[in-house]
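Have a look at these structures, which come just after this line.
The two complexes that follow have chain A in common; it is paired with chain B in the first and with chain C in the second.
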Partner chain A sequence: MSITRIKPQHFAGVMALLIVAGFLLPHVANRGIVFLGGVVAINMVFGIAFNIAFQKAGILSFGNAMFFATGAYATGYMITQVPQIPFLLMIALSGLAGALLALITGLLALRRSSGVYFAVITLAVGELIHVLITKMDFLGRNDGMVGVFRPTLDFAVFQIDLSQGDSYYYFIILSCAVLISILWVLWSNRFGRALQTVKSDPMRADFLGTDINRKRLQALVLSGAATALAGALFAPWAQIVTPDLAHWSQSTMPLLFALLGGTAFFFGPVVGAVLFSVLEYNTRTLVGISDLMVGGLLLAVVLAVPGGVLGLLKSVIARKPAKSLVRKEKNP
Partner chain B sequence: MLEVRDLNAFYGQSHILHGINLDLAEGESIALLGRNGAGKSTFLKALLNADPRTEGAMRFGAQTLDTQPTHTRTRLGMSLVPEDRRIFPKLTVAQNIEMGAFAAREEQKPYTIAEVVDLLPMVGPLLNRFGYQLSGGQQQMVAIARGLIARPRLLMLDEPAEGLAPVIVDELSDTINAIRKAEGRSIVVTEQNIDFARQTTDRLYLLDVGSVVFSGTWEEFSRNADLVDRYLVL
Partner chain C sequence: MSQSLLSAEGIHLNYGPIKVLKDVTLTLEEGERHVIIGPNGAGKTTLFKVLSGELRPTAGQILLEGDDVSRTTGFHRVRRGVGRSFQVARVFLEMTALDNVAVAAEARHAYEGVRPGLWRISATRRVMDEAAELLSVLGLDALRDTPASMLSHGDRKRLELAMSLALRPRILMLDEPTAGMSPTDRAAAVHLIDRIMRDNGISLILTEHDMGVVFQLGTRLSVLNYGELVVSGTPEEVRQNPMVREIYLGRNAYA
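For the complex of A and B:
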């Protein structure tokens, strides 16, 4: 087990808690909170997808919003224009679109740049995508795409109408649980460890036969695909897709989730996404100073607790046994 | 197995290696001796296209080495255990060793972790420790195990005895000799420790300021007593 890996039983326990909490939410909260719950679940995937490239492979991308928007627009377009395509296939195709965009971005930029330079290139490509979206008639230009309805899942022998009640919310919870589980496997297995070596010592990884450029590209494509899948889930949830999804400011969101929760932890972006939403929800009525408060609090957390909330918890837990041992020694 | 002809290596404008010629047969073990800065590590990195710019001809087996990147050369069967070991601190020893299997050649499966432990028994009790929990000697053993798991045809050890206690150096010497015997593997050892190099290799090349100033057997080296004073004593 690597130091960044969570034991399978711990992972299963946390996932069970998240799924149960997700399933209980519609029974205890109003529709606004339930909508927010769906967004938080999607943001968890958004954050982990970013962090797997950032923390594991050392790829800092400021353009992840373009992958999210690609998934959202692809699903939105298919639902409104070619609704005969099965919904699960739409989601898969949206993920593929995100993977393809990540592949093109990676092939263009990853071999020629790294670190901040790569981040700036992704920022530029992201803005290019944002501008392109606003110029294309079939994507609704600045108005975006409206009428993205929640479709029906057709399994031949039975159907599930996702437009009824909270069906689509439960679909989001289960889909995000599956995506998070897949990302956890990739974070923890040999592929994830190889990414870790590429980040921590690229020259050594190269000496060991690892094609570091290919591994970085794979990490970016994985991140792009997972982010686009999150975007694909988001489109029917919001029922509207606008160019704001591709705006550069959206690319800061997964970074904030990861920093707030702790980039070194698989569940860091999960904690960050929850805390960020709680902060945003509770300051929503403070018109004008809401963004300032959220930004200020985040800055404070990042500066005061560089390891994020989970990093802080870990250090507190690590200190406790030491103190109790000292007490025992003093009072045998 | 390895032929190097008129190899020159450069870091930027600095000319580090000057016309190196070297031959290594299958199953043979050679030492590269020289003071700090003689060009020993640069030579190993040049073989792997790792850092310096090179001119000259290099051949490994049937393969001419020209533009292949480092990982491709490694996958031909050339494995370098660098001077600073570079154990990944946040991976366990078993996982560190497992990372070396990316260098396995298509035609030959890598060793299993158990087979590596058979070759390097000292590594066995360490498998579940993290990289940051190892002593210098343990790190060296793990670095060798990691370089060995892909069954390389050529194992290159850059100053393996540096910084190790004498008792560990003796164990390391036995280990390297065991590895030499296993599957007739070729070995290049760069060293400043003459005794260690003598125990683990068949013959030697002596480097000074990037040039080969002597090559021959250990007997021939011993007959030229002034070589040590001129090229190895600080």
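For the complex of A and C:
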């Protein structure tokens, strides 16, 4: 497969399907599932934002929850304290906050470490952010922030009240579609290809004139910004923001989505996020062993299918014609 | 004195207590093809790494057209026109041959400030044309859509050369370009390198073990032994130098 000649038709087709499915959901499912649908859409962005750094640039971060929490807290704070700021600006500022945190983390850790060492540093910084949040009065300490209402989009000539009916759900679907599209462009274009050279062989990339430290930093900042944007969309959806969002266990979520679906594929985390929610939803009544089942299933998938669900699908599709070819040669 | 294209002055390099390079000074003039030779372990590859920016010298200066670049790393020197290959060819194994050259050309476009459209996803026409042309110059046309992981050793070397040329270097540094090749492939590689350097006006620094290649390609030879520069001169001067004979043939060669 060529990485320099990309056909956008496939991507557009999959996106169209996802958007249609997202818009149909409220018509066929109950409110609980619609809520879950919004969370899944946000988790798709969460997962892809992680995977663009992991798969494309080779940056393994165990601290992406801090970016998500940064976005959620920033939006939560602005909605409850300074609601006069336009909502779209709040989201943009939240993304900027995530980018800034990623920039600081990257400047501190990315040059000096890579691989597992970098992962451990992000884990530590993430925990630091988690503890800081629980100590800050203006962020509500351990209780978090409640009453994060869904605001009104003001476009001067007309207004959309996101607190009415399913309007915020549709807003999430469309926003996530835009974010996923932007991430796909960056995954596929010259920037994405440069990241791929940096991951594939950093020394070779260096001697092609690419500033590999700068590229890695850009990938981390992109990942942090997109994750914070996902967090920003989440805050008014849950209407409550708690320190749990910054807990390290939240950082494992995008990693699980990516592994489950297949890290090599742009849509890997999308598939992973859907599957994970389906699993979680169907085991929700099994109090106590729900986590165990989800964890066990994930372990099984990761050990048995290292390429994820999409990797398995691809190998199944690729294997069939090869087999028939061998048979033909044997019996002419 | 006219300014050298590239010069190394008093280069020392220590790996801990081991002195790998001792006070090495050499120059590369425009249009020259400078071959660094010497027995195994003499420090050829280390010197090569210092010149290209992979290693920082313990002491000494590297001047590129008179500017001190001693403290810069690989990509800085690439952007100033220094391309290099590796002893074991480094190509992006998961990409096709054409994509390998295309990402190299694209990297150059990027640092030269060429901006494709904001939403452009595929590589630009110019990048792809450049890549396809280089593949045909190196005779890799038939393999353009083959993943690099499936290419033979010799083809990977040629592919890497194509990638280096995509950077339009003024100085090319080749680390044992014919290592591990059959005599036929070697002759073809020498011919190819010779033609490309002439056609593009590229100055060359290479390390090489094969004396046939050394004397066919080199316009200037430098001999390293135990990290010291023994002699530097024209192929004829080096051939006549008694110390070089001693290094290669042993002290009792005349006995």
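The criterion applied here is as follows: the second predicted complex is superposed on the first by the 316 of 332 C-alpha atoms of A that agree within 3 Å, B and C clash if a C-alpha of one lies under 4 Å from a C-alpha of the other, contacts with A are read in each partner's own complex, and residues count from 1 in each chain.
We adopt the following convention: a contact is a pair of C-beta atoms (placed from the backbone, for glycine too) under 8 Å apart; a residue touches a chain by one contact, two chains touch by 3 or more.
All of these numbers come straight from a predicted model, not from anything done at the bench.
Enquirer: Label the relationship between chain B and chain C on chain A in the superposed model as either fit or clash.
Expert: With chain A aligned, chain B runs into chain C, so clash.
Enquirer: For A:8 in the superposed arrangement: first (chain B), second (chain C), both or neither?
Expert: A:8 contacts chain C only, not chain B.
Enquirer: Which holds for A:198: it touches chain B only (first), chain C only (second), both, or neither?
Expert: The answer is neither, since A:198 touches no partner chain.
Enquirer: Identify the partner contact of A:273: answer first if only chain B is touched, second if only chain C is, both if each is, neither if none is.
Expert: neither
Enquirer: Mind working out whether A:190 is in touch with chain B, chain C, both or neither, as first, second, both or neither?
Expert: Both: A:190 reaches chain B and chain C.
Enquirer: With the two structures laid over each other on chain A, which partner does A:209 touch: chain B (first), chain C (second), both, or neither?
Expert: In the superposition, A:209 contacts both chain B and chain C.
Enquirer: Looking at the overlay, what does A:230 touch: chain B (first), chain C (second), both, or neither?
Expert: After superposition on chain A, A:230 lies in contact with neither partner.
Enquirer: Taking the two structures together, which residues of chain A meet both chain B and chain C?
Expert: 2-4, 190, 193-194, 196-197, 200-201, 203-212
Enquirer: Spell out the residues on chain B that touch chain A in their complex, using ranges where they run on.
Expert: 48, 50-51, 69-71, 74-75, 79-80, 82, 86, 88-92, 95, 98-104, 130, 146, 150
Enquirer: Could you please specify the touching residues of chain C with respect to chain A in the complex?
Expert: 52, 54, 73-75, 78-79, 83-84, 86, 90-96, 98-99, 102-104, 106-108, 110-111, 116, 119-123, 127-128, 131, 145, 163, 167
Enquirer: Going by the contact rule set out above, which residues of chain A touch chain B in the complex?
Expert: 1-4, 190, 193-194, 196-197, 200-201, 203-212
Enquirer: Going by the contact rule at the top, pick out the chain A residues touching chain C in the complex.
Expert: Spelled out, the residues of chain A in touch with chain C are 2-6, 8, 185, 188-190, 193-194, 196-197, 200-201, 203-212.
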